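Below you'll find the structures, each written out as structure tokens.
Look at the two complexes coming up: chain A is in both, with chain B in one and chain C in the other.
Then we have the complex of A and B:
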């Protein structure tokens, strides 16, 4: 009798647990649309490639901002390091893109781990300044090491080999496919991680670090781990940009990169993985459209949208989704 | 280490502080506190407002570091251990003001504590639910606290009494050998009070409990020994009878309650 009851409760718990991490239909739809876009807009591969890369970059920031609550204003440090690593390595004859991607990941991971101990100190303001400082330092190092990085001229003459037998073409079709697949794979990994006990404890730390420690979660260790993971993801994004554009310049380490990615995650909403992806898409399309309309002043509109968005509530997507759900299912709410 | 000659037979002592001090600027919030909790004891810590009860619990659990003195858990020095290390060594606590994960469900809150305790905290590839022992323990804890029917609801939407129960459930899910309860019934409406008192009374006997409490009914009903903290220092410690008849205690504490 009692064992029967426990067995029922157990089933309930497992069912609930599975529902918490189950794929929602809108997630399937999202990725079907992503795949469809590849075939629907063959003339926009270059733009879509850039969006995929920025989406991955935003995802990496969402991991540390949305899941561990660590705010960074220097995330470009890892993006840039990844880009330069992937670029420089081709100068030494390693032209295989996947090996380049691996090396860039390692470099960004190492930098993430090393700087996590600095970036996790103190308050939000301290963190902002430290992350900003790390990115500035890296920028000037790249600037100074002209013999290696090309300095202000950028890294010229990158020679990236074919990816699994496919040569990168000038329309960006191969590049776009490559970036999208890497984005999708890394997204799947991130999604798994956030639904693991490790991922739950990250959300716990963001919600209430005091209580997280009081149930035995080693807060610092977890933050170091997720900061490093975020750095690794950013490094991959940077490497993709360098490989698919066959170019890396100081721009990949510039402050606007860090600021833009923070903007994208804010636009899309933090802490549910899709925020970075949607934010990158909205940001890039807005940038593309607005800069055609007003080439000089497009940032005015971006700024305006940002202010309205932050003041009007950053959960606009959630509310929009709820509205759509109500409209499409009349009577469901009664 | 555990054979070090302490004042009493060390194996019987669950938690002990030795000449514990904590200063905040010029204020001595904890003043030479030497407290001893025997294994399996139900010990209450009482004292008027501002006596330093919360500071003491923060020192015991590693939220604060003492200015001087030592803290021993089952004979081992934990004075320098981090808060999460103390939990892993068997010392858990609840909070006077709910410290829950508002956006989560009770299933996740308890589930996290259980997976930490079972050494799966770093598991990043497989889900919490893949492990049968983890799920079994989650269900057992939720069931013991009567939280199964709300396990899928958002914690912030639970009635206050249920939140207080979850507060204790999450601590018990850490499988502590010593449990610090910081005013477990604080702010709970009369109708839901009995649930909390029931749960406190039914805590496993092998768990040593230190109850920090204002409510004298709960203290007399629950505790076997009482320590009295006044102005950061231990005034006295003894059995319920000794404390309730101690004129000094009546003067500083019970007397105050009589008039109030």
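Then we have the complex of A and C:
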């Protein structure tokens, strides 16, 4: 009897899980559009490459912020470490981009794991301070180790070899394809992770850590794991940036990187993976337009967007989608 | 050695005046006001403009900076912050970052991105020997003013009716409200005083900390350290944390200049490993 009951329950759970993790048609549409954009705007490869990288970066933050509820003010630490690792390794004769990517990921993962124990202690405030502190320390280190990182001048003369036989061209076509493919692959992995029992346990922790612990979720271990995963993703994004632009400077570790990525995730909405991707797109276009209008003071408008977004409610995209859905559904009008 | 201790002491006192407002707002309303530094910067600029461009005496500029920033604090509290008290910490952080970006750009637009200096009276630039310690007159002034502020804050907090209301509200907002304490009013006043003190600190500290549009970002980490290490349960916690931070920072920059900037982070990490909830008492976790 009991075994039968358990079996039914398990079947129900599996069914629920399959339904929740099934691909929605809009998701297919999204990726088709992404692929189409590659061929539709051949003159915009450089911009799109950057968007893809920022999208991956925000995806990494969404994993820890949207799913585990950990606020980080220093996510740029991992991004920057990835960028510098990928850059420095070419100085030692390792020019293959994929090996560089692997090394950068390893470095960022190691840093993520090492700092997670600190960053996950205490309250939100402590986390803010520690994450910010880690990023600042890394910035200082990169600044001081001038012989290795080029200091304030940035890492000059990176020599990145061809990727699987394709040389990086100046129009960024190869770079863009490279970044988009890496983004897509990592997105698939992230999607798998957040729809796994592991991912659901993260959401339980985010919503109520005490209850999650009470039903037997190892809160600390899960947080460490997802923080490390997020760090690894950010490291990949940083490495992509360094490899495709053949340059890394202190800018990749600066505070505004951490703030920008928070903004991107916020614009798109946290906790459903696509938020970061959409946010990166909106953010980059907005930044491009604004910095053309007011090269020096565009920060003001970015700040204004943040303030308005918070005061007006961060779920604007969700509400817009609901509105569109209601309008397009036949016979939905009351 | 003693000179460094003295300088660090002055620096720490300054940090305390700058950050104590943040500690109280955090303890009282659980508001992570990362934009606290913006008030300090505002104070610095108000004082600079008055003293340098309009010939107001330096010692008149300081109280004016306090008053202007307190007024700014009230306006900001009523217009902006009141909307985000009940929001999540993420919302508060985003809001404050947005605010910092805006303030940065505005100050940059009107005053330019360069470092500003306040013309302090000549006699404050002196250094003299006292019992073998080289004492800077300006730093002595800072210690005097900040010490006075710290003592009066402590007295107000422990000896007056307002202080007991404030402490009650910090301990439990709902019960305090139930007892008939007008928590919103208490909070508005506290916010105003906190912002005013930040402004005063910014004006007083422009000589030591520098003054430019990036000020709120540059010192954000210092304020955060003071508050997390010191806790929000009392005034003494942040005070001691500020002194520790000030002395560690100055000593680090002097004795091991190559690692100067890392010393405070090392201290911070050690403290966190040792006492995750801060050195002194509790940190707001609600």
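Quick note on the criterion: the second predicted complex is superposed on the first by the 315 of 334 C-alpha atoms of A that agree within 3 Å, B and C clash if a C-alpha of one lies under 4 Å from a C-alpha of the other, contacts with A are read in each partner's own complex, and residues count from 1 in each chain.
Here, contacts are C-beta pairs under 8 Å (C-beta built on N, C-alpha and C of every residue); 3 or more make two chains touch, one makes a residue touch a chain.
Fair warning: this is a prediction, and the values are worked out from it, not measured in the lab.
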First, second, both or neither for A:196, with chain B first and chain C second: first
Touching partner for A:118 - first (chain B), second (chain C), both, neither: second
Which superposed partner A:46 touches (first chain B, second chain C, both, neither): neither
First, second, both or neither for A:219, with chain B first and chain C second: first
Partner chain in contact with A:177 - chain B first, chain C second, else both or neither: neither
First, second, both or neither for A:211, with chain B first and chain C second: first
Which superposed partner A:303 touches (first chain B, second chain C, both, neither): second
Contacts on chain A seen with chain B and repeated with chain C across the two complexes: none
Chain A-facing residues of chain C, complex: 26, 32, 34, 80, 83-84, 87, 89-91, 93-95, 97-106, 108-109, 217, 220-221, 224-225, 227-228, 258, 261-262, 265, 268-269, 272-273, 276-277, 283-285
In the complex with chain A, residue positions of chain B that touch it: 61-63, 82-85, 87-88, 92-93, 95, 99-105, 107-108, 111-113, 115-117, 120-129, 135-136, 138-140, 142-143, 148, 151-152, 170-171, 173-174
Touching residues (chain side chain A, partner chain B) in the complex: 6, 9-10, 12-14, 16-21, 192-193, 195-201, 203-204, 207-208, 210-211, 213-219
Chain A residues touching chain C - in the complex, by the definition given at the top: 65, 71, 73, 118, 121-126, 128-130, 132-133, 136-137, 140, 144, 255, 259, 262-263, 266, 270, 296-300, 302-307, 309-311, 314
